[in-house]
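Labels A, B and C are assigned to the chains in the order they are written; within every chain, residues are numbered from 1.
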Amino acid sequence: MAKTIVQEFTKGLWDEIPPFRLVLGLCPVLAVTKTLGNGVGMGVAATFVLLCSNILVSALRSVIPGKVRVPCFIIIIATFVVVVELVMQAVAYPLFLQLGIFIPLIVVNCIILGRAEAFAFKNGVAAAAADGLGIGAGFTISLAALGALREILGSGTLSIPFSDSVIQMFGPDFQPFSFMIEAPGAFVCLGLMLGVMNLAGK
Amino acid sequence: MGDYVLLAISAILVNNILLIQYLGNCPFLGTSKKMDTAVGMAMAVVFVLAMAGIVTWVLEVVFLKPLGLEYMRTIVFILVIAALVQFVEIFLKKSMPALYAGLGIFLPLITTNCAVMGVCLINIKEEYNFVEMLVSSIAYPAGFGLALILFAGLRERIIIGRVPKPMEDTAIALVTAGFMSLAFIGFNGMI
Amino acid sequence: MRDIIRMIVVLAVLAACSGGLLAAVKSGTAAKIEVQQLTFVKGPAIQEILKGCTNNPIEDRFKLKVGDEEKTFFVGKFDNTPPAVVYETFGKGFAGDVGIMVGVNIETDKLIGIGITTHSETPGLGARAKTDRGFKESFQGLSIKDAIKVNKDGGNVDSISGATVTSRGVCTGITGSSDMYQELKPKIMENVKAFGS
């Protein structure tokens, strides 16, 4: 039975939320979640690419020959990644500097290629758009949650996405738990969150 | 010469691509359940990255930079890597079937391995010269292989142990990777 | 055969569309990206040199041809003192090039200040060139027409302790831009006037 558009959207928020349920696209999840602001910035950038590539792949699915579909997907995805790169430089340069090479690396994010191959190439435009938006939103929520957790514990602050303001969470006596900001904190934190998700999912 | 040794040590240990730079984590978790697959993946990455590093660096220096097309870097690099992986696959299948049997199934996965693309981008961003680029393109995947194989060894042990149900598989693997990463941070003082 | 032709056509059309779209986005964002880069990468050094200026130097900028390259000049206007221009030049540091922002009073040709933009010097030693106030302030009032030297070489610049190579590199970098500045002086005056000062 065909799922409705709403179901295609909401599945990305819990049932198939990346990177917890779909263990894909881990690198940016680990790398850019030092702060809430960076996490959300990356989430929005990836969602834009995912939405655009899903729509285009779905619209062109009868034109693209099966044998060269992967190179076609890559061209489509890479084009939107470069668009994001340029637009981010023009409107949010400090964020662009923070995210560094992880912006061009959206192109090899397996979530995006995975959705193109597994979903968009087989479904209609509306369903593909809903899927892209849902998975993208789920990805952004995960990045935001991990970013907020690491930032609060690791530096005692919370940066507001898309602005320069930073909230101090604790008094001046707070000793930042800098393990959380470093690489090991990212792995451990993500692992524990995944454990909690598994516990809640049952 | 000393600089190159330093660069190599830094790339393998201090800035380990998997555990410190967070690149290439999907295959890190995906292929580390068994030692055999980990070794296969590590070899395939070293093989492809050494070539991809050279090709992308030459393209950047000879074409993109002089023509002012740096903004096309992302799209050019990913297409080059995808084409290179295909080419390597065909070449190995025809001329070295034994090696192909070992690496074959890992090759298509490498296109979306961000370690490959990541190192190519690092080579450009750090403005390495040709020799530095060669050292980095070999040392980074060597670090990838080292971390992957060590991690596979740990995971084979973990499977035998009793892990709480919700933490099974990926969750415990991530926590383990975190502690390995902590160990690698210890190399920080070396340079 | 028809399949292969179709594949090639689809790939070629896709690549062409992608190239076209990107070229359009690139040209649409180029001006904004330049301003952003200037604001966040070179901006801090420029603002520091032109402290107290009454205009926005990032917006009041002009380009002049130097050989094959274009050099950007930023204009700073002041209430009581004559205007100044700021431009970037490069000197050889301990580990590669050091980017130096040079601010010159265009009436007296004297330096009003300098700042470091990009460098890869050793942290704690050469890297202090970017933050060391005494070092940067010792350039103030020197004439761009003279050779600028550190005090060890008989000049007036207080070199950073433990980083003579970097200090010298900054001095020779500024001295090296002297000819260019003097040659372009008439054009610089013209352009600064155009900004209404």
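Going forward, contacts are C-beta pairs under 8 Å (C-beta built on N, C-alpha and C of every residue); 3 or more make two chains touch, one makes a residue touch a chain.
Note that this is a predicted model, so its numbers are computed, not measured.
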{"item": "Chain whose average C-alpha position is farthest from chain A's own", "value": "C"}
{"item": "A-C against B-C, pair bridged by the larger set of C-beta contacts", "value": "A-C"}
{"item": "Whole-Å separation of chain centres (CA-atom averages), chain A against chain B", "value": "21"}
{"item": "Between chain B and chain C, centroid-to-centroid distance (C-alpha), Å", "value": "37"}
{"item": "Set of chain C residues in contact with two or more other chains", "value": "18, 22, 26"}
{"item": "Where chain A touches two or more other chains, by residue", "value": "71, 75, 78-79, 82, 86"}
{"item": "Junction residues of chain B, two or more chains touched", "value": "71-72, 75"}
{"item": "Interfacial residue positions of chain B with respect to chain A in the complex", "value": "19-26, 29, 71-75, 77-79, 82, 111-114, 116-118, 121-122, 125, 164-168, 170-179, 181-182, 184-185"}
{"item": "Residues on chain A engaged by chain B in the complex (per definition of touch)", "value": "23-27, 30-31, 70-71, 74-75, 78-79, 81-82, 85-86, 100-101, 104-105, 107-110, 113, 179, 182-192, 194-196, 198-199, 202"}
{"item": "Residues on chain A engaged by chain C in the complex (per definition of touch)", "value": "63-65, 67-68, 71-72, 75-76, 78-79, 82-83, 86-87, 89-91, 93-94, 97"}
{"item": "Partner chain B, residues of chain C touching it in the complex", "value": "18-19, 22, 26"}
{"item": "Footprint of chain C on chain B - complex, ascending", "value": "71-72, 75"}
